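Presented sequentially are two complexes of subunit A, the first with subunit B as partner and the second with subunit C.
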Partner chain A sequence: MPAVLRAAPETVKIGMIHPVTGPLAFGGGQCRLGGQIAVADLNDVGGIKSLGGAKVEAVLGDAQGKAEIASGLVDQMAEQKVAGITGCYASNLALAVTQTAAKYSIPVSIDSGIADSITSRGLANVFRFFPDNTTMTNQAIACLDALNKGAGSPAKSAVIVHENSEFGTSTAKLLATKLAGIGIAAKETIGHATPTRDFTNIALRIKAQAPDLVLITNYPNEYQLLLRTLYQQKVDLVAAYSVSGGGFNLPFAKDQPAVSANMIDYNHWYNPHDPRAEAFRKRVEAAGHVFGWEVLFGYFAVRVLADAIERAGSADADRVIPAFAASTWHDDWLPYGPTRFVNGQNQGARGLGLQIQDADIKVIWPGDFADAKPVFPRPKAG
Partner chain B sequence: MTALLLPAIVGGLLTGGVYALVALGLTLIYGVLHIVNFAHGALLMAAMFGAWLLAAKLGLDPLLALPLLTAAMFAVGWALYRFVIGPVSRGQDRAILLATLGVAVVIDNGALMLFTGDSRTIETPYALAMLQAGPLLLPEAKLIAFVCALLLAALLWAFMALTDTGRAIRAVAREPEGAMLVGIRPQRMFALAYGIGTACLGAAACLLLPSFYVSPQVGESFVLIAFTIVVLGGMGSFPGALVGGLLVGVTENLGGLYLGESLGPICVPLLFIAVLLLRPTGLFGAAR
Partner chain C sequence: MRRAAVPLALGVLALLPFASSSQFLVTLATLTAVSAALGQAWNIAGGFGGLTSFGHAAFFGLGAYAAAILQTRYGLNPWLGLPAAAAVGGAAGWLIGFSAFRAGLRGSYFALVTLAFAEAFRVLANSLDITGGGSGILVALHPAPGNFQFADRRVSYALALLLLGLATGAAAWLASGRFGAQLMAVRENEDAARALGVAVVRTKSATLALSGALTALGGVLYVQSYLYLDPGIAFSAERSVEMLLIAMIGGAGTILGPLLGAIVVHAIADTTRSLIATPGVAPMLYGVVLLVIVGVLPGGLVRIVARHA
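Moving on, here comes the complex of A and B:
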C-alpha cells in the first residue's frame, strides 16, 4: 500500500496595502519591502506550523496614496480570502482600510499609520504594534525636554512646521499644546501642502521669528527641501527637531551631509544594542535596498499578524482577532518590551531620540538605548 | 510681514524662473501645436533621472551635462512623435491625448521599476551656495536657472520668429493644408516641434536638479503648474511662458506670505481666472 497521502497545507494569504506609486511611494515601498522580507523569513522556517506548515503568501495592493483606492483593495482582498491585512504607511489610507476591513471582520495590522484615530474608533479588527501619535509626541516632548535641560535649557521658543493632512496637523496640534509644559513657547505654527515645491517663504518667516527650535513633521521630499532651505538661508537654531520626520533617513544623511548634520528626529528605530537588528539592516542594504524605519514597520506588522494566526491555529478572523488581542509577542530588536494591546494599541510601543552624526543615524535618547551622545545645541550656522 | 515682502518677491521670481523652464517646452507643444501633452511631466522626470545618472555615476556636473542632455532629449522627443505618438494618433486630437497619456504611464512605471520610489539629490559646489545681495540671500542654483530661463525663452522666440523652420512650424499649426501646398510636411514639423519641446525639458532638468530632488513622481509637481502658465501667458507665446512663470512664482510666494501656506495656493487659480476673464487669450496670446 502506498503511504498515506496528505494534502499539502493551504496557503495563508496576507494582504499588504501600501502606496507604492504616487507621492508617498518611497515610504510605501519601504513598508512593502519589510513585509515581503517577513513573509520570506516565515516561509524559510516552515510557514505557519499550527496550520501544518502552511506557506504565507503576500497579496500586494498599491493604494497610490488615495484612500478610495485603498478601500477598494480591501474589497478585492476580501474576495481573495486573506487572513489579515498589513498597511498602509499613511494615516489617511489606514483609516480607509480599517473601516472597510471592519465590514468583513478582517484583522488589520497597522504598520506606519500613526494617527490616534486609527485605533481609537473602537474597531475590534484593528491592531497597531507601533506607537500612536499621542505616545510618539509625548515621548518626543520628553526627549526634547531631556536634551534641552541636559544642555542648560538653551531652547526657549519654537516654530512648528507641518504638512497639512491628518498626520502632520494632529502632530502639530499636540506639539503646540505640550511645548509650554517644558518651558518652550510656540511662536507660530505653519502648515504646508504636499507637494510643496519651494520653502523659501517659510524659511524666511522662521528666520524673522528667530526661534531657538524648528519642530518639523512632514513627508520625505518636503522634509528635505525645508531643511535644505533653512540651511541655505542660514537660519540659526539651537536645534532642528522633527517628530516622525518622513525624510529622516540614511540616504538623506549620506547624500546631503551638510544639510542633515545634527538633525534630531524622534522616530521609530531599532535597538542598536541588539546584534540581530544591525544584521537585519546590513541584510537589507546588501540586497541593494535603502534601510529605513519603514522597513521595520512592514516587517514587524507581518510578524505580529503571523504570530496571531499561529496561536489561533486558524486563518479565520473569529479566531485570529482574539489571538491578536491577547498577543504577548516580544522581540528585543525593537525597544518595546512584551506586547500588550489595549483597544488595539500596543501599550509598550515607543520611539527613540535619533540624530544624524557623521552621515549615520545614531540613538541619543533614552540612555538605555543610546549609542551616541547628543549634539545639542548644534554649532552655529555658517 | 513688510520686511519679508522683498525677499518673497525675489524668491518668487527665482522659483518662477524654474516654472518657466518647464513651461517653455510645453508652450511649443501645447500652445503652438495644440497637443495636450500628458507626457510632459513624465519626460521631465526622465530627463532629471538622466541628469542624476550623469552626475551620480559619471561625475558630470548638470551644467556641463546640459548640452548633452538637451540633445538627447530632442532625439527622444523626435523619436517618440515620429514612431509612437504620430502613428498611433493619425492626427486626431483625442488619439494624441491618449497616446501621450500612454507614454506617460509607461515612462512613470518604467522609472518606478528602475529607480524605485526613492527621492534622489546631488551635491554640486553651487547646490547650496548663496549669493548675498544686500539683505537678500539668493540661492546660486536658482539664479543660474533663472538666467538660463531668460536665455532659453529668447532663443526659442528667435527660432520661431526668425527662422524658416520656426515659421514652418507655425504655419503647420495655423493652416496645415496651406502649409502642405507650399511644400511643408506637417508630420515632420510636428516631430521636430515635439523634439524641441522635449529638448527644453533636458535643459530644465539640468537646471532644476541642483536645487530640487528627482523621484518617479517629480513631474507631477510641475506639470499642472506648467499647463496653467502656458494658458496664462498665452498659448504658444515664449515671452508669455516666461512672464507667466514669474508671475505665478511671485503670486505663490505672496499668497503664502499673506494667506498662509495652506490657503495661499488658491491665489494662482484666482490669478488664472482673473487674467482669462480680462484677456481670454492670455497675457501675450494673439487674438484670432
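Moving on, here comes the complex of A and C:
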C-alpha cells in the first residue's frame, strides 16, 4: 500500500513589532525575547495542531521607538500575510500599530502598551491580555493604602514624578485624583522628558517639599537615574513607590543594591507560588538573558494569540478575531485566572505589589500571592 | 539631454510604487516623499535663504496639531486641516522670523532661537488640555476619502508626492524668480542687499513663512496617515535634524538636493533595517554611511549629478 503523501503544513506567521534600538531598546528587546521563546515552545510541542502541526514563524520588526516606522512595519507584515501581530512595548507605538492593523483586520495581541485608549477605541482586532492603566493605577492605590494603613499611616503627603508622554502623564493624572481618597495629599506633580539625564533639580525640588512619598512613573533609564539622584541627595522618605516603573527590574536590584533597596513598585509579575513561573525565570536566566516582566509579556502575548489561532483552526483574521474574543485561556502563571475579554481587555488581568529586598524582587501584596513581608516605612536614609 | 536625465529618472522612480503591490515599496516611497518634501521646505529657508533653522519641527508640529485639534475638538472636515495648517505654519514662520530678524539675529543665534521655539511648543503641547497633554490626540479610524483617510497607502503616497511637487515648485520659483534673487542676495551679503533696496527683514520673514506653511502641510499628512500625535512626535529635535540632514546631504540651496538626500537617506536606513536583523547594527551602518557622504561630498550629493550632467 503506497504511503499517503501529504503536503507539509504551511507555517503560521506571527509579526512582532518592538523598539529594539533607540531609547526603549531594553524593554522592547525583552518583549521580543519572550515572544521568541513562546514561538520555540509552541513549535517544540508540535506547532498549531488544528492546522496539521503548522510551525509558527516569528516575523520581527524594529519600530525604533517611532510610530511611523511601527505603522509601516504593519503594512509590510500584512503583505507577508501574518496571522497576527504582537507588540509594541510602548503605548504610542501600540496606538499606531493597532490603527494600521485595523485597516487590514489583523488581530493584534498587545504586550506591554498600557494606555487605556489602546483597547477603549472599539477596534475589534485589538486584544490585551494584560491590565490597562486604569486597572493598574486603581490597584496600585489600593496596594499603597493597604501598606500605609498596615504600618499605622506614616505617609500623609506625596510628590508625583512622571515622564511626560502618554504612559506617564495618564498614570500621574489618575494618581493625583486618587491620592486624596486614601488620605495622602499630592504636594506637586513634576513631569520630565524622555530622555532626561540629570535629575538633580527635580531631586532638590522634592527635597524642598519634604514629602513622605515619591510616586514615580517613567521609563527604565530615567527611573534608575531619578532614584540614584534621590539617594545621592539623601532625600528622606517613608517610601519611594512606583506604578509600572520601567526601571524596576532585576539588574537594577543586583547592580545598585543600595539605591534599589526597599523600592516598591506596583507592576506586572508572576505568581511566585506557581513552580512553573520560577522554572521559566531560571530558564531565561540560564540562557544568559535578563529576566523581567516584559519577557512574560512577550511570551504570553504570543501564547494567547496562538491559542486563538489553534481554536479558530485557521490563520484567517475573520476566524481568529472571534476566537480571540471568546478566549477563556488560563494556562498561565500570572495571577489572572481565566481570560475574559470585554472590548478587547482581559478583565482578570492584574498587577502585584513588589519590593526589592536582598537584591531580589519579592511580592508583598496582596497576601494571596505574597512571598515576603513589606518593609514600610523604610529605614531612614544615610 | 543629460541634464534632463536626472529629473526623468526621479519621475520614473516616483511612479514605480503605483505599478507595484509591494507594501514595503509603497511605505518606503511614502516616507521618502514626505521626508523629501520636509527637506525641501527646510531648504527654502535654510538653503536658499541661509536661514539655518534647528527647530523646523515647530512648524511640523503646529500644522499637525492644527489639523488634529480642528477635527477632533471642533468636528471640522479633516481636509480643512490643510489650509488651516498652512495658515498656522505660515503665521508662525512670519512671527518667529519677524521677531528674530528685527532683533538682528542671524546664523547660529537664529538657529538657537528656532530650536528654543520648537522646545517651547513641545512643553506647551505637553501642558495644555486642548492638545491632550502628554497623552496626545487620537484621530478616530474611519477610512474614507471624505475623512482624509485611505485604505490604500498609495493614495497617501500620491498626496505626499503632491506636497513634494508643491515644495519643489516653490524652490524652483525661488531659484529663478525676482523674489528668490533678492533672497539670495540677502543670504550672500545682507548689508549689500539692503543698500540695493531689498527689504531684508520682510524678505527673510516671508521666506520663513513660506517654509513654515509647507512644513505644516507635512504635519497634516503625518496626522492623517498615522492618526496619532503627541508632543514628542510633533516637536522632537530629531525631526528638525532629519529635515536639515536631508537637505544638507542632498545639497542645500539646490532644487534637486533634498530629493536626492531623502532617497539616499531612506534607501540606506530602510534597506539596512530590513536586511540586518541584529539590533543596533543597521543604525550604526546608517550613521557610518552618512558620515562618509558628508565627509567626501561637503556640497551634497547633487555635486555628483552636476559633475555628470
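As a working rule, the second predicted complex is superposed on the first by the 380 of 382 C-alpha atoms of A that agree within 3 Å, B and C clash if a C-alpha of one lies under 4 Å from a C-alpha of the other, contacts with A are read in each partner's own complex, and residues count from 1 in each chain.
Everything that follows uses one rule, which is that a residue touches a chain if its C-beta (ideal position, glycine included) is under 8 Å from a C-beta of that chain, and two chains touch if they have at least 3 such contacts.
Note that the coordinates shown come from a computational prediction; the quantities given were computed from them, not determined experimentally.
Visitor: Would you mind checking whether subunit B and subunit C clash or fit side by side on subunit A after the superposition?
Guide: clash
Visitor: Counting only touches as set out at the top, which of subunit B and subunit C does A:Leu225 meet: first, second, both, neither?
Guide: After superposing on A, A:Leu225 lies in contact with subunit B but is clear of subunit C.
Visitor: Of the two partner chains, subunit B (first) and subunit C (second), which one does A:His192 touch, if any: first, second, both, or neither?
Guide: first
Visitor: Taking the superposition as given, does A:Gly29 touch the first partner, subunit B, the second, subunit C, both, or neither?
Guide: The answer is both, since A:Gly29 touches subunit B and subunit C.
Visitor: Examine A:Gln233 and indicate which partner it touches, taking first as subunit B and second as subunit C; both and neither are also allowed.
Guide: In the superposition, A:Gln233 touches subunit B alone.
Visitor: Mind working out whether A:Thr21 is in touch with subunit B, subunit C, both or neither, as first, second, both or neither?
Guide: In the superposition, A:Thr21 touches subunit B and subunit C alike.
Visitor: On the A-aligned overlay, A:Ser50 touches which partner chain: subunit B = first, subunit C = second, or both, or neither?
Guide: neither
Visitor: Once chain A of both complexes is superposed, is A:Thr177 in touch with subunit B (first), subunit C (second), both, or neither?
Guide: neither
Visitor: Can A:Ala67 be said to touch subunit B (first), subunit C (second), both, or neither?
Guide: Once the two structures are laid over each other on A, A:Ala67 reaches subunit C alone.
Visitor: One more residue to check, A:Ala208. First (subunit B), second (subunit C), both or neither?
Guide: After superposing on A, A:Ala208 lies in contact with subunit B but is clear of subunit C.
Visitor: Which of these subunit B stretches, 4-12, 94-102, 184-192 or 238-246, gets into subunit C when the structures are overlaid?
Guide: The segment of subunit B occupying space taken by subunit C is 94-102.
Visitor: Jot down the residues of subunit A that show up as touching in both complexes, subunit B in one and subunit C in the other.
Guide: Common to the two interfaces on subunit A: residues 20-21, 25, 29, 164, 191.
Visitor: For subunit C, which residues are in contact with subunit A within the complex?
Guide: Residue list for subunit C touching subunit A: 21-24, 26-28, 30-31, 126, 133-136, 138, 140-141, 143, 151, 153, 222, 225-228, 230-233, 273, 277, 279-280, 282-283.
Visitor: Which part of subunit A faces subunit C closely enough to touch in the complex?
Guide: 20-21, 25, 29, 60, 62, 64, 67-68, 71-72, 75-76, 78-79, 92, 95-96, 99-100, 102-103, 115, 117, 121, 123, 163-166, 168-170, 191, 194
Visitor: What residues on subunit A touch subunit B, complex-wise?
Guide: My answer: residues 20-23, 25-29, 164, 190-193, 195-198, 200-202, 204-205, 208, 220-221, 224-225, 228, 231-234, 251, 255-256, 258-259, 290.
Visitor: For a test of understanding, state which residues of subunit B touch subunit A in their complex under the given definition.
Guide: Contact set of subunit B toward subunit A: 3-4, 7-8, 11, 14-15, 108-109, 112, 116-123, 128, 130, 137, 139, 212-213, 215-217, 220-222, 225, 252-253, 256-257, 260-262, 265.
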